[in-house]
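Chain nomenclature is as follows: A, B, C and D, assigned in order of appearance, with residue numbering initiated at 1 for each chain independently.
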Amino acid sequence: MRFFSDNAASVHPNLLESLTAANGQDTAYDGDHLSASLNTAFSDLFETEVEALWVATGTAANSLALAAMCQPHQGVICHKEAHIEQDEAGAPGFFTGGAKLMLLGGEGAKLSPESVDAHCAAIRDDVHQVQPAAVSITNASEYGLVYRPDEVAGLAEICRARGLGLHMDGARFANAVASLGCSPADLTWKAGVDALSFGFVKNGGMSAEALIFFDKALAADTRYRRKRAGHLQSKGRFLAAQILAMLQDDLWLDNARAANAGAQIIADAAKERLLYPVEANEVFIKLAADEAAHLRGLGFDFYDWGKGQARLVTSWNQSADDIRPLAEAIDAL
Amino acid sequence: MRFFSDNAASVHPNLLESLTAANGQDTAYDGDHLSASLNTAFSDLFETEVEALWVATGTAANSLALAAMCQPHQGVICHKEAHIEQDEAGAPGFFTGGAKLMLLGGEGAKLSPESVDAHCAAIRDDVHQVQPAAVSITNASEYGLVYRPDEVAGLAEICRARGLGLHMDGARFANAVASLGCSPADLTWKAGVDALSFGFVKNGGMSAEALIFFDKALAADTRYRRKRAGHLQSKGRFLAAQILAMLQDDLWLDNARAANAGAQIIADAAKERLLYPVEANEVFIKLAADEAAHLRGLGFDFYDWGKGQARLVTSWNQSADDIRPLAEAIDAL
Amino acid sequence: MRFFSDNAASVHPNLLESLTAANGQDTAYDGDHLSASLNTAFSDLFETEVEALWVATGTAANSLALAAMCQPHQGVICHKEAHIEQDEAGAPGFFTGGAKLMLLGGEGAKLSPESVDAHCAAIRDDVHQVQPAAVSITNASEYGLVYRPDEVAGLAEICRARGLGLHMDGARFANAVASLGCSPADLTWKAGVDALSFGFVKNGGMSAEALIFFDKALAADTRYRRKRAGHLQSKGRFLAAQILAMLQDDLWLDNARAANAGAQIIADAAKERLLYPVEANEVFIKLAADEAAHLRGLGFDFYDWGKGQARLVTSWNQSADDIRPLAEAIDAL
Amino acid sequence: MRFFSDNAASVHPNLLESLTAANGQDTAYDGDHLSASLNTAFSDLFETEVEALWVATGTAANSLALAAMCQPHQGVICHKEAHIEQDEAGAPGFFTGGAKLMLLGGEGAKLSPESVDAHCAAIRDDVHQVQPAAVSITNASEYGLVYRPDEVAGLAEICRARGLGLHMDGARFANAVASLGCSPADLTWKAGVDALSFGFVKNGGMSAEALIFFDKALAADTRYRRKRAGHLQSKGRFLAAQILAMLQDDLWLDNARAANAGAQIIADAAKERLLYPVEANEVFIKLAADEAAHLRGLGFDFYDWGKGQARLVTSWNQSADDIRPLAEAIDAL
């Protein structure tokens, strides 16, 4: 009965099986046949030619993407509550060689084209101020909201006009796609995204995420940077295997749909308490301290999210039956 | 019949089983009960209190250790054929913020106390020259030679006298311990080592190495640096599980003994060709181009190692029966 | 009739004379007798033993100080309008190896102990969030306000309680001291400052600032970092000479008093327009676009400072007679 | 009677006068009319359109040039006795964000096309090894030898073939041009140089060097990097003034000719002792310990350069009469 975070949930059994299946001898690093098939697998999924690199964490994927777009003396525009700003220990500063995160506000941790444009316009075009080189958005956002394809395209338009790259932190990309019912292509390159951190670990994965470059020019250096950051694992076939198992028969979408459905059950029960619309697998609610204590007394775990507020995250492996007790307990408050 | 590298060999089945066993819900990152037990497990193994951090690669372990010892404006003394210099894409420069590797010679990729001392003595004590802060040695070395405890102690004496930290790259630490028959303690902290990259991946592991700090003051910052480098995996329990499976009943030693024994079979057959004594699981031999071609024609794979030379690496999963055909083929040349 | 910035004003003739006087042969870098006398000169001025390093710019002084206090994975708390954030092209990120500036608000670009404490309290004490290591304040502030000794002490108390270093960007330190009539000691180490960027260039200097360490442990590494940043000039005696000429007979204070006095003349004339109290040599006023155009038409130059606002900066070399025309023109608007 | 180094010699009086002349009010940073004229002045000198940036030190010039050519994960090929490797405290590692210096041998601290090509050929074209991005040569070299235009062109040919930038550390560029009697153009862009650190400080300057980009695409980012490194001085007109005074009537050439002539006087007297041909203003000689002591007893100062060897450097301000006593003393040994 844990609703702390989807990043602590169990791993889907298909992935564990894929590890056993991958356990022959093969070439080291990403020279194996599984790693070699990733470009094709993701190019099929995204309906365009992409470069795909496995890495172990979303933090690595995000920072490698940003480093590919942003020189050390430049900056990355993101929301002030973005994961890259709040929860990655300064990783973007490390991987970029000291670039600056430029923090904007926006409801539900979402950026708007207007705020990005206004921020850029306010930067003096001289050498004294750090100039932005990229925008990073999180989809689904840190508050469980999704950017729709047209919203992404709106941001991309500003990026193109100002010469900025566009990165999508897709730690919960699957949840966003599942929620929107659009194609992965619609939500990314067709809308103007240059690089995507495609998360699997929060969605039933174990230790493999994919970094997808739609702008292939960005990928070449990144292969060096990945090694240089200690992220080129010797037995890369075990990361590739996990990812391929996720893509197989759209397991990634099934898992995300399950998690999203769970969140809707809670949302329905907590209608009056919702801080944000529930569009993915995160539910933010008003919850008084004594109410929180009561729920915890019943065995439900979750994060407090500031005073009188709580965050509830559902996972791929929680069925409606698993979640209903929480929904009922909230309803009964 | 591949003798390219132990880092491509299969994973020991115990480790795969440990992943399945670890696949419940638990706290994320290194808050799970398996990760929490690593300090105790390694403290038992090393007979002293240590701090142990899992990471996915030896490159990450090495560079995090060096960053803990060396400020950006300082240097790390190592052999010019050290893995950190030759094969890690400049990772030490990245993790340390630009520190310099100071390259020494030495037979079989081993450093001597004399050469370290002479190198330090030749550096002017002024702000124009980079001052060393640490020494890094590889045990077993890149040429399959081992440092004995007294050799390590000899280097550590110089380090103490000159205020340098001592790091051991133990990608093949297991092979060294198995070869020497000493205790892990004897070869490390008792001899003056401050931090050890304890490798498992080349020894039947999948995706987990251990970074061991004997100087615990070095560990605290490293936990931040690990996260900042994208190396704090969400589901860390799967790395801890692998490592604990390796420690269980000394599997790490059994695997290393098997690999070392395989190398001895080849060494015996190639006595006249040996470029170095065979002390671990690597065999370097003189091998003319036509001889190499002949062996490859028989189905044996390996690296050329400069003109007229070859490197043969044995792995934990190669039995005497697996290796004898190669030994006989070399003998028959 | 330029009121753009004090950093463009002419150089005091004493400094030019000091260059000629220093133009013998001497030891290079900071081995000359002038550079060697800086520690003593500043120790006398500050009534305690300090380490003093010359550098060419305030940006270098600030960033070297911060790098001495803050590891790459840590952060520096400062005002969101601090010069280090707004006008130094990301230099702190460069010198620290990627550390994060943590931006707070506060009237007149001044930090309060309460806001610093609250910011620290809100940072989770885990490896996912960047932990602060230092606080940087600007005195006089970017809006021409001064921190009084007790205000500095209030901030220092929080710093001590939370283990943070305290840096003072004193690009206009002279103006602050002149304004307060306190001793340099009162405003710095006696109030808890660990390092001071002591500015001279905006105060009639040419190309030399002083970086003063009250915590001498911070100075040693900085000497290496200064060289590594290309800031150890071969003919350092010409920087030391400028600084010593400034200290001679309190020229630095005389210059600052003159600039401050000029600002008061404008302030008196613009009482109704003042955006902030005028405590140093900067005057921020409400000024409509047509009024600004009118003043410029009369030959006065200055910065617009957002819509309907202007910044007027006075310099050491502007006499009351130089400034009165501007004051009268404002008065006549 | 000091022959330690030309970087400690006095400043030419024309430069001091230029400072006084520049001491009006002007725009700050490099917005003044003197700084603005540098591009034209150097474009005239080099007979092609160049971008010229002033900086205070050769270390800054060198490192900014390398950072413009080399990403953090790449490398710079240079001689193992190059100033950037031996005497700049790791500045290239700092400015490039951790790039690697790749050290080659070569007589008299000069690189040959063959050795550069062989070094590149030996690097495996994979992500495990740092790939070179630039070559840096010093002209005149650290042993006072000059690269002739055809030698530079030979290196540039390899650079072009392998996609490497070519940087010239010209701390003693004036001495090289004076020695060769060629045009500045012949020795640089016509021979394939992309960026030149044009040194003035060792040649009678005070605190200004010029960084010249022949490949103008490299200059744009460097203007940001210069600021970010704290090297954009507020009163930049005083650096520009020095440089323009040096260019005026070829003062830089006159000074270099004087220093070179001085070195020839010593070389003639020490013919039997010379370790290298004397092609600029440095003389390296065999000198036994008692001989060195004898010369020092006579009042001559210089560096020992390893056992039984000494370095004697002549300066712009030493006349034949100043130098003859040393020449005679050596002759009399």
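Descriptive notes on the structure:
The working rule: a residue touches a chain if its C-beta (ideal position, glycine included) is under 8 Å from a C-beta of that chain, and two chains touch if they have at least 3 such contacts.
On a predicted model such as this, the values are computed, not experimentally measured, just so you know.
Between B-C and C-D, more C-beta contact pairs join the chains of C-D. The chain with its CA mean position farthest from that of chain A is D. Separating the CA-averaged centres of chain A and chain C is a span of 42 Å.
Computed centre separation for the pair chain B/chain C is 50 angstrom, with centres defined by C-alpha atoms.
Remark: chain C and chain D have CA centroids separated by 34 Å (rounded to whole angstrom).
Among all residues of chain C, those that touch two or more other chains are 72-73, 88-90, 94, 97-98, 127-128, 224, 227-228, 232.
Chain B makes touch with chain A in their complex at residues 2, 4-5, 7-11, 13, 16, 19-20, 23-28, 55-57, 59-61, 63, 88-91, 94-95, 201-202, 206-207, 224, 227-235, 238-239.
Residue ranges of chain A in contact with chain C, taken from their complex: 72-73, 75, 86-90, 93-94, 96-101, 103, 127-130.
Touching chain A in their complex are the following residues of chain D: 71-73, 97-98, 127-128, 131, 221, 223-228, 232.
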